[in-house]
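So that you can tell them apart, the chains are marked A, B, C, D, E and F in the order they are listed, and the count of residues begins at 1 in each.
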């Protein structure tokens, strides 16, 4: 069981390394979107400090979402997905591996760069730590929920935009608790409550999503 | 000359109608992204009113950008692009047609729905009118510039993310003048200056972009 | 006798199609009846609300529309679960038939809520939990419709859509309990049949309007379901008979 | 029984006329348009299916004739 | 070993076939034939369990094919090559084996690639290979394949004459070892060993 | 009419061929042969002007091929079908003609589709067609094609026996009318009319 998951993760990571552009681009998309806001809104530091958690989180949602369409599409297009579905072990395990790899490639780098961006918005050290923690805790849920959407829109024309339509509403709780944790810290209320809710969301979705996605993938392969 | 452009526009619009989901999804992506911000930032009307132009414009950039990867990708994948490149008339004309169709499908609907979203942010009637005008004037430039990026990243793996990396920085002037027009109206300075700059941007990019894109497409086809 | 109440028989399109055809007029009539009664009571008879003035009369649409938007989603999720579990053909048709009406109800809830909010709260829109979650509900409806429209194979569309419905169903309790869980501007539940805080006429007219919306939704869903059914089953014998019946005249 | 004193009072709705009547109007509009659209859709679908049925029948005749 | 009874296939609104059945034993090859659009690919996808039949039943060793057991006995090769363009042929072979939970050593994989005529290109990413070379990478899986049931959809497409001969030999060997094979093709290729049976659709 | 001199092709770091040249006149067919990866597709893409040669020259009617004139005389059919999955075969044919600035009436298009055996499917979106049927839609363009130079990359792939015969006939007709054709294929197909010349790569 574990070795299937490991095999998938290893293969996906190797592919990502081979392409490189993947990791770099998701990260830069995040950075650019975050930097667009001060341009559109104006440079007042007070205003920006209030915006920071929301903007960072929305950018994180969008960056994660942007790499979702390819989560299964490449494997689908070249026939690998068929082969995976025909392997003796359950497809859910394979999806678990893919979700983990997706998070390592798209979620983890965001958490690592977030403090730097937070500095641009003049956040305090406390807030930066909570922000990083929240992104670390929340992004696995994004990968998990996203996997369901990616599987549902697999092979559907215009899938990329449709995917965002399906997935973004489901991301909202993560957004609310994620941004809420930072807000609460900034206003001195302490973000622990929000963080534990985030952790719960992540647990639930990472546990449940692979099986829902596997079901959706089987439908797509018919 | 004109009939080639018309033929391309007609075909692309027919394809869009056949898919339907295309138009609807780009629009709803816009709506959803705009709605995400208040969720992340909090509901204070004063704050939201200040954010509105920036948020709406950033969302418009992202919505336009999201539909870009498919601007040429579908034609490329199924071999139609090769055929278009081999047609006797210059490829730039074909691209002009595709840019027009892209705007009709992705830019125009944004302009039509923007006032409704502006209401959610409690904007005044004046600001709403300028906002709509700015989006109408600015989105063709987005389609034009986007076409260059789409052509450059054609056939490149992970193109979607790479594309945003190339295109978003080029979108910044549109963002600044677009959001600036609304800001200026809100603060009573009058947005005409910004609007005419927007119009100039649109003229320049719609005139120039097709030929740059055509050159990029030829490289992609080698 | 036993055979009569066999659920599977009614779940088969061949039985369902004519049954729906006969039922539709009754539902339409009931909708009109309840609607007229509700409007009479609510618009002409009911007294003013001491807090909100006459503006409160929007409640007679707002609440039924809000209820129906949630209820229809639950019904769709129910059908989807049945469809995924037992692979019945009818369930997919029903969810597809219900979705547009549900989306319209959500839209009406938002619209009337906004029209109510402007005079009461001074803003068309505020970002409170109930309003937001209702907006998400609309997105879920639209996402469902976009997904099923984008998949061409009907059976595949049903299954994929069903899965999405089941995933999205978590939103409904959030809408309903949002007023309890978060401290919101939107007012909490005031319906309590035992000792209502509302005037009796208000309560009755609201219930009557809710019945009207309910009957209306059923009628429309059945109409749509019949069309979908005919289209999907056109190669089966009953559909051919139905269609050639149309050929030689017949209704519609 | 009737609460209102005059028709104009009824229309004014105590100053909330615009909001109340827009709500009711929009609802009435949607509830008339939706059935019309559904009925139209049904009609065109049935017509298309009939055409297809006839075309299929013809194709079958041709096949058996061969 | 593989039994299909009374299969019916409906795609979209078209009934492609109905009442199709066959029984295939060890060492037998089933040659699926039929004009374009007859439903060959659809039938194969039914047999591997990806497309549920509208009616009828498929059994492997007397049991349903909806089980990990059946899938552990099956080797399917579709229209698509199932190779990753970014990986080299060698990495592709090894990753495919690992994902299918099979043991394949690096030496075996190199040997297989040599057999399909890709010696010297083990280290070139697959995206630089030609149409036919990509197909060869996909087919290299068959060299060491021990699973008893092979299902191949137009395996000869894009191959040159030498490669076609080689593949025919590989399939013969499989049949001689008591394997089963089902395949479609529009090219007439002679498989020297095993019992060849034909099934015409449409 | 079409002359190629001393062409050289380098893909990646590999020199595929060098010093390739030929002259093709009216009514002649050039059969491009070679094992998988020999560079046939690459050569064709050079001839249509999409891939610039590293060395050598290509002339059409004595002039360079980098002109709208050459493209107006050229009909190319690649690996890919260049059809839109959402459109019906009929719409595809008409749109392709309009985009290539050719006159094609609806009746002619329907007639062409009938000839390729797609009668009765004019109204079905192409995504519902099988592999071979899609290829047929692409080939339907050739029925009314009047342009003198046809360049076809593996046109027989995925076609059943009847369709292969039909296509061979169409190509013969083209040659008889004084057309030129260049094609690659691994299947041996007999083209009854015209002068057939061969060129081996690698």
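Throughout what follows, a contact is a pair of C-beta atoms (placed from the backbone, for glycine too) under 8 Å apart; a residue touches a chain by one contact, two chains touch by 3 or more.
Remember, it's a predicted structure, so these values are computed and weren't measured experimentally.
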Hop across touching chains from chain A and tell me the fewest hops that reach chain C.
1
Can you name the chain that lies farthest from chain B, using the mean of each chain's Cα atoms as its centre?
E
Among all other chains, pick the one whose mean CA position is farthest from the mean CA position of chain A.
F
Comparing C-D with B-C, the busier interface by C-beta pairs is C-D
Approximate Å spacing (C-alpha centroids) for the pair chain B, chain F:
37
Whole-Å distance, chain A centre to chain F centre, using C-alpha means?
46
When the C-alpha atoms of chain A and chain B are each averaged to a single point, how far apart are the two points in Å?
25
Among the residues of chain B, which ones contact at least 2 other chains?
19, 21, 25, 28, 32, 39, 42, 157
Residues of chain C engaged with two or more neighbouring chains
132, 139, 142, 146, 150, 152-153, 234
Contacts with two or more other chains, residues of chain F listed in rising order:
79, 85-86, 125, 128
Touching residues (chain side chain B, partner chain F) in the complex
3-4, 7-8, 11, 14-15, 18-19, 74, 77-80, 82-90, 94, 218, 221-222
Would you mind writing out the residues of chain B in touch with chain A in their complex?
19, 21-22, 25-26, 28-29, 32-33, 36-37, 39-42, 47, 50-51, 53-55, 57-58, 61-62, 66-67, 69-70, 156-158, 160-162, 164-165, 168-169, 172, 175-176, 179, 183
Which of the residues in chain E come into contact with chain A in the complex?
48-52, 68-69, 71-72, 74, 76, 78-87, 91, 95-96, 98-101, 125
Residue set of chain C touching chain D in the complex reads 43-48, 53-55, 57-58, 61-62, 65, 100-101, 104, 107-108, 111-112, 115-116, 118-119, 216, 219-220, 223-224, 226-227, 230-231, 234, 240, 243-244, 246-247, 252
Which of the residues in chain C come into contact with chain B in the complex?
123-128, 132, 135, 139, 142, 146, 149-150
